[in-house]
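Order of writing sets the labels: A, B, C and D. Residues in every chain begin at 1.
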Amino acid sequence: MIHKFQPKIYYNAFGTYKPALKVSDGDTIITSTVDNAGRDSSDKQVAKRGNPLTGPFYVEGAEPGDTLAVHLRRLWPNRRIGRSSARIAPHILDAEYVNEHPMKTLTVEWEIDLENGTARLLEPKINLGEIVLPLNPMLGCLGVAPPREQAISSATSGRYGGNMDYKGLTSGATVYFPVFVDGALLFLGDGHAIQGDGEILGTGIEISFDVEFSVNLLKNKEITWPRAENDKYIMTIGNARPLDQALQHATTEMIRWLRKDYGLDGYEAHTLLGHCIEYEIGNVYDPAYTVVCKLKKKWLNMIRHHDQK
Amino acid sequence: MIHKFQPKIYYNAFGTYKPALKVSDGDTIITSTVDNAGRDSSDKQVAKRGNPLTGPFYVEGAEPGDTLAVHLRRLWPNRRIGRSSARIAPHILDAEYVNEHPMKTLTVEWEIDLENGTARLLEPKINLGEIVLPLNPMLGCLGVAPPREQAISSATSGRYGGNMDYKGLTSGATVYFPVFVDGALLFLGDGHAIQGDGEILGTGIEISFDVEFSVNLLKNKEITWPRAENDKYIMTIGNARPLDQALQHATTEMIRWLRKDYGLDGYEAHTLLGHCIEYEIGNVYDPAYTVVCKLKKKWLNMIRHHDQK
Amino acid sequence: MIHKFQPKIYYNAFGTYKPALKVSDGDTIITSTVDNAGRDSSDKQVAKRGNPLTGPFYVEGAEPGDTLAVHLRRLWPNRRIGRSSARIAPHILDAEYVNEHPMKTLTVEWEIDLENGTARLLEPKINLGEIVLPLNPMLGCLGVAPPREQAISSATSGRYGGNMDYKGLTSGATVYFPVFVDGALLFLGDGHAIQGDGEILGTGIEISFDVEFSVNLLKNKEITWPRAENDKYIMTIGNARPLDQALQHATTEMIRWLRKDYGLDGYEAHTLLGHCIEYEIGNVYDPAYTVVCKLKKKWLNMIRHHDQK
Amino acid sequence: MIHKFQPKIYYNAFGTYKPALKVSDGDTIITSTVDNAGRDSSDKQVAKRGNPLTGPFYVEGAEPGDTLAVHLRRLWPNRRIGRSSARIAPHILDAEYVNEHPMKTLTVEWEIDLENGTARLLEPKINLGEIVLPLNPMLGCLGVAPPREQAISSATSGRYGGNMDYKGLTSGATVYFPVFVDGALLFLGDGHAIQGDGEILGTGIEISFDVEFSVNLLKNKEITWPRAENDKYIMTIGNARPLDQALQHATTEMIRWLRKDYGLDGYEAHTLLGHCIEYEIGNVYDPAYTVVCKLKKKWLNMIRHHDQK
């Protein structure tokens, strides 16, 4: 079934709120997100600043102990103006360097060419030249309600997903979340037309999105951290501070995946990862940082058939 | 001038040792390295375990305050057997996971096909399947003598380079080091036929190498951390623990590069990096971790011409 | 006014819940807390495991931008049995050491002598000898409702306080919290009869408490992180991971205090702290670690009178 | 035997240098140290800036696998002028706070009253008031030659000791170091008349010292990290970045001590430490931070007699 959903309420936290829409396993949802400042496709403020979220979507039958798969069918900006910070956050640079840091924050604007898929830097404030970059529309916020009846700010992330700000969460990716509450309660928001590794400005090019996604329920499938895949990679996502800990979570989750679903033992999983693992840094800006551990599917095709252990 | 150099002594530290060979700006050196365990092209132990280094090469005219450029012309294994650990280091995984960790270290062997450029896992100890991976020969250790008359173990790294274990230091890359002592004193070693991001096993596929490189001296050019470039990227390298600090060093050095050599001001450098920066994790195993900050040259071609500031 | 309050509902998060009791500036509250597992003075489970909290107490007139002072008048266990873990959490020890780590968790019991103020280790499971330690009753959880309508698990902490697990929050201490919501909404729980630095077991000697405290409202007084004082010290509390960041928060807050309330300029505050600062580690177990920055009041008596800046 | 030793050469690294003096197990050495800037008791520069070290002292019979005990008999400044920085290092404060940070470094002077044991802040540059603090003379640098023929800057520290900047290394303390080279090669320097926790200024009150110490050799006694004791405490010292790792090293070494020398098993050592452990932060300024794990001797007197395991 396909749902067209126009959000009316936006939440600034991932929590166990009243469902905005109930959907079933396999359903597709066509909806929209506002930008990080709460501005919609008309660039009008319709929600409170700070990553207001569309949702929550209640998935019938989802219970703690299950996994929710979210297929991102299509993410695309729905207006022609995007905004980004022009200042790297001081905690990302050497402490001694800050005397040379631009003292004030500055916002710059980008003209989005929706047809050709590019963003062009608008020049009034800085003189960087004719900068035209290809769009890579991604969701900064994607996740489910956290455990223990918490409501956690959409500025941060955890095992439930959240504000992971990872540039790989684009059209074509499938993302998996552990389910902590009945119905899972999926939220999405904080679209970026483009974002570099680490979200070092504290923003991507912030913009409102049209979004199409579908959901699948994996009953009695337990995962510890969010996972993802696209046509080339399987991925695991760790969210924590410092980076070292985020990397530990992501790497450990990848080993769990290889051991449980691919039947590898410890030495086998370690050997495969040791030579083939790739890491990406989602963000080093938010209260919890995000590290993604990736493994090309072509390496997985090489391993012997194992019976699942 | 081209030097053919057969090492006789190997050092297990980066330090101000007696030069093994004196070379001039622009010279090419053809030499070899032994593996991390001190084994040569005949798989015979000729040096002490622990990343024994070829060198030091004294570059005539190099003085503190200069930069040494090292062009890696050709790195290639020179024997048919490589070895790697089969166990991820515990500090890279969640502390609570270690009860499921393989308790003992295990070494596995790889057959190297030097003609076709592949490594095949030899099977006696683990049953992973028919694993054949493409070679990506890289130097784990590359650097100059550190400041302050130090001699620092080839197990770790710093501003002088060292054991950075970054898979991007391959044939075709040029690496730049700050010069701390007269002659710079370049060392190299610890060749890996293949290594994943992070060197999470504590080894790549360890093997002896034939190496051809040339050097250039950039007089009165001061850099703070190692830099590199290849045909697609400019790169800066931060070495420190934890990862957060290594990333701070690399990012700050990239900003210095953009401001000084490309004439960008703070907001301009930040804006360009914010959307175009890429990070790679060299290693998360050694006493100092390595993070590489990368920027595609094609983005640099886009910026306005700036007079150097 | 003195309120005697018998809790009926316990929350496992710090959030904007319905007030349990409304009190006024200057009021005293006599109440009780259950232990971390939800067991009361009869050692009967009356609340859900995981630091169930007494409260919230709504303080009339408290608004965002104010500070709430909580005077801990008397904290004392109200039963004769306490429990602690007998196993240091693996993430507190070297990763390579874990092979020698006790594999299983183990709980040990302590007999509490309420009259003489001691705890005696009960011996059935471990053979450590006749261990009798002096009580130092402290609250592991103390804090107010966090901002942004969040509800955050009582397993962690932040600017709002929370599960800080600092052994200095004992009878006689006054603790200051920034107010984020109307009424401040104060919570308390997780009493420890004794706890070492760092709460390295993940528990102190967990026990239910009788608690007497009073509150004062400091209107239009803004602080960034929790502060505290007792007869000897002023203190600031940073909650974050890793320890380095918790220490940054606590140190920065102490400088703010010295500059704003004592009129010191930057160099003056830095010089005083540089030679007189003391740090204590609250916990290195919880998702956010806690570092306390302390300054003896006797050093403050030494500085010149400054007009408040 | 008692040696009076007047240093002629000072080293700025811990390394395997030519012995300055050979001493025997049990000998006492009376010597002096210059300050961090190389200034002696006449405030005359006699050595190169950057923690120049007195030594190395070669202890007859010391071999790798032994432990060297250093008893600090008497440490006392030998001149009347001390100097300290007046600016906390930026990396110790919140990154966002640095805009309010004093931009420039500033050095202030202290008048040392050697008879009454106090330091008085001299006022020309800052107006803090009449600050008179009690002396606590301690050695910032103390350690032996590191392994692997390294020579490591006296700005940092490791398993061999080094620039630990811990205020507990005062008269009356005994410090234990693992021996890595024949003769152990003991170095000392960087005296501080007073230093707060963390050495957050990057200096204590820097001054030259008269030093009296004796050495004992513990043959075939292996330790992993430096240990210490005084009349009240046993202590273990971890040196690393970040703080979390320094704390891991110190805590793990304390468990080794309790298990091996006091015969406790894992649960027993963990239980004792869990309630009685104390942490001190030596420094959070140097390349490696220092955390000290302390246990009161009175708690050790409580445990049952165990046969050594």
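Quick notes on this one:
What we mean here is this: contacts are C-beta pairs under 8 Å (C-beta built on N, C-alpha and C of every residue); 3 or more make two chains touch, one makes a residue touch a chain.
What you are looking at is a predicted structure, and each value in this text was computed from that prediction instead of being measured.
Seen from the C-alpha centroid of subunit D, the farthest chain centroid is that of A.
Looking at which of B-C and C-D shares more C-beta pairs in contact, the answer is the pair C-D. Centroids of subunit C and subunit D (each the mean of its C-alpha atoms) stand 32 Å apart.
Per-chain CA centroids place subunit B at a distance of 34 Å from subunit D.
Spacing of subunit B relative to subunit C, judged by their CA centroids, is 47 angstrom. Across the assembly, subunit B contributes residues 95, 101, 242 that each touch 2 or more other chains. Remark: subunit D residues 84-88, 92-95, 97, 100-102, 106, 108, 121, 125-133, 194-198, 200-201, 203-205, 242-244, 247-249, 251-252, 255, 264-268, 270-281, 284, 289, 299, 302-304 touch subunit C in the complex.
Those residues of subunit A that touch subunit D in the shared complex are 89-91, 93, 95-96, 98-99, 101, 103, 242.
Residues 12-13, 15, 50, 148-153, 240-242, 245 of subunit A are the ones that touch subunit C when the two sit in their complex.
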